[in-house]
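In this document, chain identifiers A, B, C and D correspond to the written order of the chains, with residue numbering beginning at 1 in each.
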Amino acid sequence: MTTLDDTIGVLRRTVCALHADLTRYNLVTWTSGNVSGRVPGADLFVIKPSGVSYDDLTPESIVVCDFDGKLVDGELSPSSDTDAHAYVYRHRPDVGGVVHTHSTYATAWAARDEAIPCVLTAMADEFGGEIPVGPFALIGDDSIGRGIVDTLAGHRSPAVLMKNHGVFSIGEDATAAVKAAVMCEDVARTVHIARQLGEPKPIPQDDIDRLYDRYQNVYGQ
Amino acid sequence: MTTLDDTIGVLRRTVCALHADLTRYNLVTWTSGNVSGRVPGADLFVIKPSGVSYDDLTPESIVVCDFDGKLVDGELSPSSDTDAHAYVYRHRPDVGGVVHTHSTYATAWAARDEAIPCVLTAMADEFGGEIPVGPFALIGDDSIGRGIVDTLAGHRSPAVLMKNHGVFSIGEDATAAVKAAVMCEDVARTVHIARQLGEPKPIPQDDIDRLYDRYQNVYGQ
Amino acid sequence: MTTLDDTIGVLRRTVCALHADLTRYNLVTWTSGNVSGRVPGADLFVIKPSGVSYDDLTPESIVVCDFDGKLVDGELSPSSDTDAHAYVYRHRPDVGGVVHTHSTYATAWAARDEAIPCVLTAMADEFGGEIPVGPFALIGDDSIGRGIVDTLAGHRSPAVLMKNHGVFSIGEDATAAVKAAVMCEDVARTVHIARQLGEPKPIPQDDIDRLYDRYQNVYGQ
Amino acid sequence: MTTLDDTIGVLRRTVCALHADLTRYNLVTWTSGNVSGRVPGADLFVIKPSGVSYDDLTPESIVVCDFDGKLVDGELSPSSDTDAHAYVYRHRPDVGGVVHTHSTYATAWAARDEAIPCVLTAMADEFGGEIPVGPFALIGDDSIGRGIVDTLAGHRSPAVLMKNHGVFSIGEDATAAVKAAVMCEDVARTVHIARQLGEPKPIPQDDIDRLYDRYQNVYGQ
């Protein structure tokens, strides 16, 4: 029988390994991003410790927190973004993973308080419309978490640009949230570059709807 | 005597390995691009399976399809772009390889529905003129394949930008199609950057013709 | 008992290894940047030798200089920026590390003589406000060192853009100075890209103050 | 006693290895750039073979040509840019190495027929002023070589942007020519990015002169 400890052990290894995708896709600098994953069957999640280099991350260094963001297991202090992750898990039972980065192009849109318009078929596939901007929110209370949940409530997008700050993405598990963070930066960059020399052509809403529906239901294995 | 199975085995290894060039040259993100290759002497081609990470690709995972895009051999579902590849093989017997990517700069031109003008000697060499834009087309029927074939029919270019979507490139074999995808992104980026600070100088058509002719006939070993 | 030689030996290894972060984060080209570290308990610092490739750096090749920039120990000539580093150590007893680079985006702001405005929460965290520009100064006397110290005196920022030249950053030790150089390029790039398509939204000064205070006192382990 | 064969063997290894710097600094795509080096004491130089992948280059594959660009030793056809290299060696006895690339930012300036202004101290150090643009020239006769030599005659710069084409750089040996190619792209990128958001500040000519003089005479070991 699988114990909660076994489940947490597997999740720590998965979440530790997923941080390598943040560096591989150049979404993070120094220690600036983090991945978390919900522990199935418990009001707990695992998350990166604060200020630890990606090179030094080990499964054992990944910490376990409850849905108030309090440390439950681990030697190190949890990420300073833990409260925002906790808020998302508390209010979105469908979410199994959360990722936060300051990836360059997405953060540039966030700095201008500007949503990324859906002008690419790949963006219709993954985001089903624009990637919205959430409010400016200070760290230290529920503001960031609430901003994420409230903004995503009105959109299909699994990613939100937090004004002047960076990106939060969600998914059914931590891998899906990492994929959303990776694709968010990819489309943020491509649409930015398209707009440097003119206006990208819009995609009609019903075509966006068709693309999103197909991708969510047919793509992959 | 070489059997069809042997031929397909070799082609699976080649096409599997060529996907590494897509990641090496940063043409793809997550699982967003694919390479296919025609099986010599048969109405078949091999192609990447859908939604599989480039790290996990093996020669065995590469699938075999017929020219209607139906799976003929392999464990996994073929790429969701298989119908477009199949259409190209069906209508262009001279084509031995097809590549699809959402590479950043090329896709930015595609998002604006704008052809890349031929303002570099390397572009005259490889593309013999502009890189054209094909129509906006939804996945799910022949629209994308037809858009590729019809647009390329009027151009020397082995690459076409599909509006709001990305790039398709062709070649006499899969390696040549990958080279065309790599060079397409390279010139898309250089011409974009040139245009950020002014207008690139045009190259006279007869000089483009001379460059193209020499490169196609003299370059290489 | 730890001797001065032991201390210098450890510092040489640390400073040698930190140059790998300059290449990893693409802050340097060929031999264009350098890291130094103060020797605790002595009026000495260690620094990169002049014109040596990062691949060829060894702890033994790192040289020891006094606070006039004169070579005290080592086989090679010290970095041509040694006088600037020496000036900083002489006038800022709180500084334990200095880094110099020509990193692309930061140097682009420096070429326009333009400070980087604080429009990102990560920038408020690390820099506590704008990253200022120091004067144009020729190499060969105290001008660069004096420009660094005088400009930083009026700012929380541990990094200064020297006009038409590049970046100098400081820290309590060499690692902190490298982190400041890395984050300086990161925010220089993000704010640049944000400004390409409009004006980033300002962050109110009291929010910058709160972010800076929290980050300096709470972040990390 | 060192024979000519020994000298050529050493040079083949050096020139082969230097191509790795072209890929490392992202100056080349597919097979688009080449390095050559003069054989001391003979009217010969070694150069990359045409159309060979950088991964497949070996010292043995590097070919030897005379100053008319004719193959003297080697199994493969020489680079299609061989005539341009030969012209430079024939007319510039002080030149021991030549490099050609289509590096992105430098080629973007070349596409606009625009010289790179000297607005960075690192550019004053290495180039002593602007990096000039040479004429549009077709491959196939002396036009490119003559354009390089004639344009560089009026400048301190060891690099020239050939209109609509790319960069040629020279040096006292092949390593110095590679360094010039690397630094040319570096300053082409930084000045481009600086100009995206305004005008870089000029550096007074006498300061450029002082920086150039010091760097050429004092820098390094």
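By definition in this document, contacts are C-beta pairs under 8 Å (C-beta built on N, C-alpha and C of every residue); 3 or more make two chains touch, one makes a residue touch a chain.
Since we're looking at a predicted model, the values are computed, not measured.
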Label-sorted list of chains bordering both chain B and chain C is A, D
State the chain with the largest centre-to-centre distance from chain D, centres being mean CA positions.
-> A
Once chain A is fitted to chain C on CA atoms, what angle does the rotation have, in steps of 5 degrees?
-> 90
For the copies chain B and chain D, give the interface type as same if over half of its residue numbers appear on both sides, and as different if under half do.
-> different
Roughly how many whole angstrom separate the Cα centroids of chain C and chain D?
-> 32
Between chain A and chain D, what is the gap in Å from one C-alpha centre to the other?
-> 45
In chain A, which residues are in touch with two or more of the other chains?
-> 196
Which chains touch which?
-> A-B, A-C, B-D, C-D
Mind listing the chain A positions that touch chain C in their complex?
-> 29-30, 32, 49-52, 76-77, 80, 102, 104-105, 107-109, 111-114, 136, 138-140, 163-166, 192, 195-196
Report the residues of chain D in contact with chain C in the complex, numbered from low to high.
-> 25, 119-122, 179, 182-183, 186, 189-191, 193-194, 196-201, 203, 207, 210-211, 214, 218-221
